[in-house]
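Pasting in a structure now, in structure tokens, and then I'll have a few things to ask.
Labels run A, B, C and D following the written order; every chain starts at residue 1.
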Amino acid sequence: MDINQKYMIDPKDIRNVVSRDGNRIGFELQLIIPYYRGAALSMIDELYVKVGAILYPKEQLTFTVDGFSYTWPQIETVTTFRWEYGTKATVFVPQQGGLDVSPIQHIEVGCSIRRSYGGRFPAPVVVKVAVDPCKLKAIRYQ
Amino acid sequence: MDINQKYMIDPKDIRNVVSRDGNRIGFELQLIIPYYRGAALSMIDELYVKVGAILYPKEQLTFTVDGFSYTWPQIETVTTFRWEYGTKATVFVPQQGGLDVSPIQHIEVGCSIRRSYGGRFPAPVVVKVAVDPCKLKAIRYQ
Amino acid sequence: MTIRLGVSLYSYQQTYLTGQLDLEGCIRTVVETTGATGIELIYEQMPLERYPDAVYPNITDKGISRWKELMDKYGTTPTCMDSFIDSKLYRGRISTVQEQIQMMEQDLKLASQLGFPCIRVLALVPPEVLEGALPAAEYYGVRMGQEVHPRFALNDEWMLNVAEISRRRNSKYVGLIPDFGIFSKGLPGSQLNLMKIMGENPDIVDFIEVSFKADFSHKEIAAQLRQMGAKEATVIAVERSAFMNRYNNPDLLKDLLDVIMHFHGKFTYMKEDCSEELTINYKDPIRILKEAGWDGYISSEFEGQRAYHGQNCPYEEDEIEQVRRHHVMLNRLLKS
Amino acid sequence: MTIRLGVSLYSYQQTYLTGQLDLEGCIRTVVETTGATGIELIYEQMPLERYPDAVYPNITDKGISRWKELMDKYGTTPTCMDSFIDSKLYRGRISTVQEQIQMMEQDLKLASQLGFPCIRVLALVPPEVLEGALPAAEYYGVRMGQEVHPRFALNDEWMLNVAEISRRRNSKYVGLIPDFGIFSKGLPGSQLNLMKIMGENPDIVDFIEVSFKADFSHKEIAAQLRQMGAKEATVIAVERSAFMNRYNNPDLLKDLLDVIMHFHGKFTYMKEDCSEELTINYKDPIRILKEAGWDGYISSEFEGQRAYHGQNCPYEEDEIEQVRRHHVMLNRLLKS
């Protein structure tokens, strides 16, 4: 089931992240929920980012929505805050140096929502994008 | 802190449990919350029963309150049901044969509620009772 | 006693997601393009409020007023609110029956605050949750309709059990909501259309459509497709559809009309001439409803857009046009 | 501008727990035995409703009506509702600031539904939660009072920061609730009494009481006790009390009265002649409040019963009598 696979990621939202002291500490991308409704944050079942062959499982990612950041496993019991349908959430990937190896980086993102129906483990919606690091903007984290 | 230690267990509530086919499958006791207010079930931090030297950690116990039964770890995310102040909860201990070795069995129960203040891990309130198995009633589970 | 028409805003999810319509725009579009006035809402898809004002299932008086203003402004009527009951809220466990009943009660309350007469309960919500929530349904005056959705059938024991709860408890507050997808033969129209778009031989695709309607089995059709040189993906799609696709004889509706409170007018592909849906039988079920004098809404539930939501699919369906065509057909069937 | 008296029903927890009084009985007892009319409630200790009617923090109109009927029946006034904010709701993590704000908002809503003008916020709730909940406090018209509880002091930065939030935001909806336990020297009276009950030499226990009042340090007293042949448990108790027992000079109240909305009249042991509490200075704080014309409630919060709740402790305190004595003293101090 590839719900919202077409809308899950906009490559233009991918940016390198620079820390306060000027080092590239990773990159971020933005996700639209791969589901046709919003959900409590605890229902994010699977989330990963692959950069080439390097896998960043959810435990290494930071998930930010509505201005608040969450990590795993803490987010697994957050039920009173939601990832609303159509609201972009930011995922930070702590890759040293960000995306800087040219010419093209292949990024794969998998995400699934633990809905009550449709099988025991909903397969993640997987999106693959090719990114040219030279064209990436950067954002500075405070 | 020995909150409600005097009221946590009434030895008269201890009963052997007989299954439908007549076997003694364990025993149950009833607990008053060791705290001066009720709490969400997820806040039961520590719970154990020792029979002599045999320890039954919470993962082996069944906790029943208001007619609904819970086990660990599932109960750790039940926040919309509570163990109210003064409400007896039943703890089932799956000891084969129940309490049947005479003359006297020494039972120890430890329980703590994960309140927000008062240190990182609230020490459990521990109650020790001596039980004469010959005097125990039995209850049949359906 | 009359069949009325409405639209589930689920039908416009893509237009909403891409920012072309907001909630008000969706309601306005229903009225302007179909003439229908029934509005069905998946609250969690198009909520009236969000953080920091209120987070579902909560809503403030302001949110409630906003909804009522919209209904007044466009002369629309709330028909059904779609509920989910997230039994997998927490990793590692299924929510207890009592927790699911609490979730149902929250949805019943929200539905009543917004003026919905019923809620759609997902097909897999167990009967003990329905029965446990019956007092709340009666208290809030909101009916719980369990959806009869592919792959279920109207005469499955699971569904008949719901009808039996309603009759045994003598309560109209629990019943059924059939989804027209159960009157479909073979693969959905949008999936057939997608095959053509992705390069399958159109004759092969038409063959699949026609063969299912002629009641050939999945195995027979798949075998024939292999001989015809269909793509492997096409053959696999046909084989896999066996699980979901069980055609319900519309006559099965007759004995259940007393417990049916609402219909999902599921469709995925309306022909340009609005004559019919590609694979779903609308004619016979509507005839049966008319003959029985059934009273309630058929609520268009367009799902075809999702077939084209794959990352690399070049096609995008026009939801608004599809729903417009659906209502041309529905109106014609109602009048005939 | 007057100091009024009330009782926190926390004071009757043992009588309630052992089934001798229910919520109504507690309210009636306040009025009949003290003449006071202010009622403070730990909702989670004596809830108005429970499953299956409503589970805290929810309450139905029926529960709200029940509370209002009780207030009318006994001519009592809700003064303060005690909040907790369970930041350790889930094993393995502390609730986020936003989740804690949500919890505060639920308590503010419940307090407003029951007519409480303020809620007690636990001492350790962080200032960002207080500030984040300020809009809700203003919306519900319920003030958040952070409790200044032993081991805190009125001039700790943590507490002064709360006062500063109130002044900076020019809002009366956040402030302080001092607990009279901060005006105590040494071990609580009930703990001293327990020592005697459990067999310590009464002269040694009196020595401890007097020595702390004379401002000897914990170390000095402990050393002396060893020489006097006190039980080891007694000496350890004195040494361990250093952490909790920090005497607040009542003069510290003067600069904070603009942000103090309520007082917990904490006590653990009233002498039979009602002259004073064994270790807590009531005289000077009340004098200061009177001189300043402070307006609000002193709400008796009896905690002595808990000292005797050990499994093998043969003694049981008489909560009702203790609170009665407390009010004899309070009334006398107010009039003098």
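Everything that follows uses one rule, which is that a residue touches a chain if its C-beta (ideal position, glycine included) is under 8 Å from a C-beta of that chain, and two chains touch if they have at least 3 such contacts.
None of the values given here were measured: they were computed from a predicted structure.
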| item | value |
| --- | --- |
| Pair with more cross-chain C-beta pairs in contact, given B-D and A-D | B-D |
| Farthest chain (mean CA position) relative to chain C | D |
| Between chain B and chain D, centroid-to-centroid distance (C-alpha), Å | 30 |
| Between chain C and chain B, distance of the C-alpha-averaged centres to the nearest whole Å | 47 |
| Centre distance in Å when chain A and chain B are each reduced to the mean of their C-alpha atoms | 44 |
| Multi-partner residues of chain B (at least 2 other chains) | 77, 79-81 |
| Contacts with 2+ other chains: residues of chain C | 89-90 |
| Interfacial residue positions of chain A with respect to chain C in the complex | 2-8, 32, 36-40, 42-43, 45, 66, 76-77, 79-82, 84-87, 114-117, 127-128 |
| In the complex with chain B, residue positions of chain D that touch it | 10, 13, 16-19, 42, 44-47, 50-52, 55-56, 84-91, 122-124, 306, 308-311, 313 |
| Parts of chain C lying in touch with chain B, wherever the complex brings them together | 89-90, 92-93, 96, 98-99, 102 |
| Chain A residues touching chain D - in the complex, by the definition given at the top | 68, 70, 73-74, 77-78, 80-81 |
